[in-house]
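Just dropping this structure here.
Chain naming follows the written order as A, B, C and D, and within any one chain the residues start at number 1.
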Amino acid sequence: MNPVTDIYRRLHAATRREPLLPVLLVLLLALSVTYHGFASVTNFRNIAVQASPLIIAAVGMTYVIMTAGIDLSVGSMLFLAAAIESSHPVVGLPTAAVFAVICATGVGMGLVNGLAVALTRVPALIVTLATMQVFRGAGGHITGQQNINLPANLRGIGTGSLLGAPTPILLAAAVALSGGFVFSRSTFGRYIQAVGSSADAAVNAGLPTRRVIAGAYALAGLLAAVASLTETARLGTVQPSIGQGYELTVITAVVLGGTSLFGGRGSIGGAVLGALILTTVQTGLVFSGTSPYVFDIVRGGVLLAAVLAAGARWRNLAQAAGLVSRLVTRGTDGPTA
Amino acid sequence: MPDGELTVASQAPAIAVANVSKSFGGITAVDSVSFVVSSGEVVALAGENGAGKSTIKNIISGTLRPDSGQVSFGGAPAAEGVGGAKHSGVATVHQETSLFPDLTVAENILIDRLRAPGRATVQPGRLRRAAAPVLRRVGAGFGPEMVVRDLSAGQRQLVEIAKALAADPRAIVFDEPTASLNLAERELIMRIVEQLRADGVAVLYISHYLEEIARLSQRVVVMRDGHVVADRPTSELDRGTLESLMVGRELAQGYPTLPRPGNTRRLSVRDLGDGGRVSGVSFDIAEGEIFGLAGLMGSGRTEVARAIFGLAGNIGHIEVNGGRLRRGSVRACIAAGMAFVTEDRRHEGLFLDRPIRESLSIVALDSVRRYRRTGWLDNGCERRMTEDLASKVHLVARGGLGADGGSLSGGNQQKIVLGKWLVSPPRVIILDEPTRGIDVGAKAEIHRLLVGLAQAGSSILLISSEMEEVLGLSHRIGVMHDGRLAGVLDRSQATQETVIRLATGGSQ
Amino acid sequence: MEGSATEPSTASGAGIARPARLAWLRDPARRPGWFADLAMLPALILLILVLSVLTDGLLTSSNLINVLSQSAVVGIAAIGATFVILTGGIDLSTGSVIGASGVAGAWIITSTGNLAAGIAAGLVTGTVIGLVTGVIVATLNVVPFAVTLAALYVVSGCTTLLSHGRTIAPMPAGFISFSIDGPGGVPYAVWLAGVLYVIAQTVLTRTAWGRRVVHVGANVDVARISGVDVVRTRTSAYLVAGLFSAIAGMTLTSGLAGAGASMGSPLLLNIVGAVVLGGTSLSGGRGSLLRTGIGVLFLGFLSNGMSLLGLQDYDQQMVTGSFIFLAASADGLLRWRR
Amino acid sequence: MTEHHRKKPKGVIVRTSGVAWCVTMVAAASLGLVACSSSANSGSAGGGSTAGKKYTIGVSFDLLNAIRQAEKSSIQSAAQAAGYSVVFDVADQDAQKQASQIQDLIQTQKVNAVIVIAQDGQQIAASASLAKAHKVPFLAIDRSIADQQDVTFQITGDPVADGKAVASQFLAAKTRPLKVLELVGGLTDQNAIGRRDGFNAALAGQPGVTIVSQVPTDWNPTEALNGTSNALQKDPAINAIYIPSDFLLPSVQSALTAAGRLAPIGNPKHVFMVTIDGDQNGCKAMQAKTLDADIATPVADFGKQAIAAITSARGGKAVTPKAVEAKGLILDQANYAATSGQVWGCASS
């Protein structure tokens, strides 16, 4: 087996597992060709740094969506963690202590979601819709809606660099790798997919479904806090508008990555690639200098394309085309047909 | 009858149920049930649907807590929850497969032992190596790396049994393991049960098939309406008494006499296929004729039925009453007067959490309109239509037609799935395993209904894995083998042997 | 678990076995369907009582009219959202459609000065967006959450692009009066919302289409096999949602005497929250417009009461969030406890 | 036959409403608690309508951030001085919510005057005419209202003028040619549109000053940070940035430090920056000489002149001039020592 075919085989296996890999490469290539400033190490480093918080939050969200749940409160958790980080007693602590406190807060917030979803039969969408407003309100209470600047040591996480690479990238890479490892190689990861795949079978098999679900949301809370650490460190200040609408961006990245919203099927690698693609598109738009209004349209279009590609099986598409034409010819005869 | 005297082990019985009771929302499901299963013994648990067999199974397996009474394994009282049963070596094979569609076969089988003791992580390779021998033991023809979503119903049942055997338990509870299996696979399961008994494992075998009970069990526990009505050695019970014990009244023996079929061709199918394994199937059904479709599990019978009704691939040419049918659309089939009774009544038959009235009136909803063109519904007319349908199929609904579909027993649910098509007499009725998993009494009623419909002129396509039922009810029997129609036998030539020969690929 | 209704021992005799002891409240068969829909009414009444004690001036007629007119827009859009949720889907794009239809209508009104043409344009815009979303969800069998999320971005982006982010104003006096004055001091918009609720509830319970919407949500396979045109029912549900969002958009434009691209986006949370608060189940197949109406009023009185209490902005968010969870868990707690 | 596990509950009506009843009781109790605690610290009379007692002013802001807090305290201090009490609402950038809140203030809480920062200049017209109908003075600060007829008094910044003022700073800049990165606030926010259009109009056709890229931020600090670093990456020759509001300044500063371009004036790598509003960050940046100019919003005037207008309106006198356009106070390196005292950001820092 000469090395070339070996590399080709492994690449082929990788693309079969992660269909998004070629899409990202083609996108980067196209942008590098069209815009001269794009194809430079600093730019790729920039994209990676900007994508890091999204990657970290997307890994947590993938675990939640894998259990056939959803977490709308990730944006508000980001803000509350930042608020607590900038609040009086915590901001004075040494960096390691702050890091520990914020991670503990994250797990606490995640557990609030997890226990509510696991113990009561309230659908995850509603639990997190409620906690989204509760966390946002709590954060506002703590910061009193002021802009609070962070001391230098806390900003180090965002702007410092370790072993030559910016810390956010290292953090994101660590979270992605450990997330993937835990998912495929730990019983918790297997149980997550099992619970999402069929809740009844999980009860029958005696799996600790409630603990698994609570664990998934706790993990999502922890990663939201870690994402908040990197995000606020880069921003330098804590402001009331942090994390607003962030949950929709994170969900877009996870759905782009091929994770099914019905639960059971998905991949951590997909979420990471989804986040990178979204950030690359955002950067590409700045480079292309198109009018600012177009940003939302492009983001919606990318999500729609990903969903159509993943959701519709091609046979189904042909059948759908036939149906649509028949639907149109017969004319929609209104609701009282 | 199993030979050799009973070697009942001396020490405490493997499974002991001591006057267990359980009720749901005021209605008692089981009331002070007691019996024991010692190791090295197969105890059959028989009873009509709704007699409480599944409740007992769930209590033993730990998914349900009894209101009163006690379950103990090998003398020690059962711990709380599903884990309790597992720790004391009791495995359960559920009838509704409890598998994870998105996980691999190996992960499903070893779901509660994913990590080897002392190892920190899960090794997929080790899982596959551990699962392969168990799969071979149940004779599964597929590998441990397959994803369960891609397996057929029969294959999933084999994985379910392999999962129970993997824990090499001291006692196993089988809940109708052979319901969706064909003859060859059923034979394999029975041999496994006999092997388990020889190895000293205690087996509680829940089944509707009286011949299986007769062959496998030493003792039979018969339940009716939540009580144990008999707990006697199998040798003392012949088929007739067993049936009457279960139903509590005399059962009309045999099948109703068949009317003479008409000669005008009602349904003609030409080289039908679903784009997959099934192809080239052609047959005709005359007016008032019952055409049975037999064959091994996975031979494509369900696919044929679904292809005709537009639910699966649309290759081939179908004519109803001479009119060509536009393929691939359920609504066109219904417009042409066809009806389809689905195999999986709980998920495709009726609404479990909507009133029964809505499940009954859904097909003919347009005929219940008050004013011709508008969509307005006339409640009074709908109530009259549904009550007349319910009486036509002898539906017994304790809470009236407003109660939810889920509150009914299996037999009554099946009557609804059939009843909703009978507003106007259908020209063609396709039935896919109409009497699977329902009790003897309800089964007889459905047989009478089918024959009545045939008399009224509808032509019926009956698919059933129960050889006795297909032979008893059909004018002609088509036998499927590996996706092809192996042959069509007339009622006179059709016997169990000839059908089996065709079903297993032999010549006519 | 055995079916709770064990078959009576003697299965003799056809026909419906009359339930033995008939407590009118306990027997679901005899109780009219809409009674169960009032599950959240005691909660609403209690909330109003508590708020009227804590603040004064809540129960004055002018404040009651204010609450109704303030809840009219969310109420009308919630009708469409209810139909979509009943089919088992969800429509995140309702906020953007409110903005889009408002801007389209306002643009036609200001450029041509013809009120009727403007309103028609707004309604057509919303309905077309609903149809496109519905076709994608129904025919390509794609997850509604993701499709409507994409629609949210695309629609708001296009509206902002076409209107260059500017608010289109002023509106003709006749159009503004639609949401201010009306018979008995109650604005026409509130009467419109009330009439729409009555029509929608009747259509849902008394027409074949309404029955089919619920059946597609309860169990799509049973519906498909029983001859329900699942694709058309789902598509028409999103079309109706688009229409109601458009009506809400025009009402909001008249209320604010101008239309802005992002005027609708903050309303999405209230619309979905109100539908769920009322008790319509997110998995589809269970719910009604009566429940949604109660949910809308609940949120309306809650936010009105809190602003009268002078609660800080972030405290209001916390209270609203906990109320949505508590009301939803009232139903959930029941199932969990059993 | 195993039963479907998640069986629909035997939802007997008595039990459902029973649970709903007790759950709402708990929630109502918590609401009462929050209400008491919050009314204690918001200073306004505890929810009771203010008939007969102190003259009450109802205030409705579009959102709550640093500059709004400053405006809130300026109103509160001026009102305290004049003996008025203040009831305070925030509309979370939702025009309809703002209209509802103003309706509640006027009709239910029966406030004697209303001060508003409008989420949208045109869409606030309905509330203004409501106030006029109830003969309640309707004042607007910071953001102008399009249709003046129902407004008693208005003291606003002038976004277009602020944009022009920033442009004049760019024209006065010594380094040539200026390649400008223009950050845009909310795409649908009339204030941001005014500041952008004023700036673009003033720079149109000017030699030596070109806007190389426009980056939308939707008033979101993260998008400002990422947008700036991407723009710097795309066009390293950028040597001037227009920041429509100070609260985005920290993000731009982080992006510049990451690109190694944050340097005080005089250092060749210095990027010419001008911003608006004059908050604490702006003032600090002026001291550190990394910021070239800041068009400070006269927050203190807003509070004082609004309360003064109310007092005169209360006395029956017509308020003249009806609309005051308080141009931004230009604070640049030259007049820093003299004017920094009047800038609200520097006063409190």
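Things worth noting here:
The rule we apply is simple: a contact is a pair of C-beta atoms (placed from the backbone, for glycine too) under 8 Å apart; a residue touches a chain by one contact, two chains touch by 3 or more.
Worth saying up front: this structure is predicted, and the values here are computed from it rather than measured.
Chain centres here are means of the Cα atoms, and by that rule the chain farthest away from chain C is B. Interface comparison, A-B versus A-C: the pair with the greater number of contacting C-beta pairs is A-C. Rounded to whole angstrom, the centroid-to-centroid distance between chain A and chain B, based on C-alpha atoms, equals 43 Å.
For the pair chain A and chain C, the distance between mean C-alpha positions equals 29 Å. Note on chain placement: the centre of chain C and the centre of chain D lie 32 Å apart, centres being C-alpha means.
Shown for chain D are the residues in touch with two or more other chains, namely 1-3, 5-8, 10, 64, 187.
Counting partner chains per residue, chain B has residues 25, 49-50, 54, 58, 94, 96, 352-353, 374-375, 404, 406, 409-410 touching two or more of them.
In chain C, the residues that reach two or more other chains under the touch definition are 1-4, 28, 31, 160, 164-165, 207-209, 286, 312-313, 315, 318-319, 322, 329, 331, 333, 335, 338. Those residues of chain D lying in contact with chain A across their complex are 5-6, 63-66, 68-69, 184, 187, 213-216, 219-222, 225-227, 229-231, 233-236, 247, 250-251, 253-254, 257-258, 279-281. Those residues of chain A lying in contact with chain C across their complex are 70, 116, 119-123, 125-127, 129-134, 136-141, 145, 248, 251-252, 255, 260-262, 291, 293-301, 303-304, 307-308, 311-312, 316-317, 320, 323-324, 327, 332, 334-337. By the touch criterion stated above, chain A contacts chain D in their complex at residues 35, 37-38, 40, 42-43, 46, 49-50, 121, 140, 144-147, 149, 155, 158-159, 200, 203, 231, 234-237, 239-242, 244, 279, 282-283, 286-287, 289, 291-293, 295. Chain A contributes residues 184-187, 189-190, 193-194, 196-198, 200-207, 264-265, 319, 335-337 to its touches with chain B in the complex.
Of all the residues in chain C, the ones that touch chain A in their complex are 90, 131, 135-136, 139-143, 145-147, 149-158, 160-161, 164-165, 203, 207-209, 231-232, 235-236, 239-240, 269, 272-273, 276, 282-283, 312-322, 324-325, 328-329, 331-333, 335-336.
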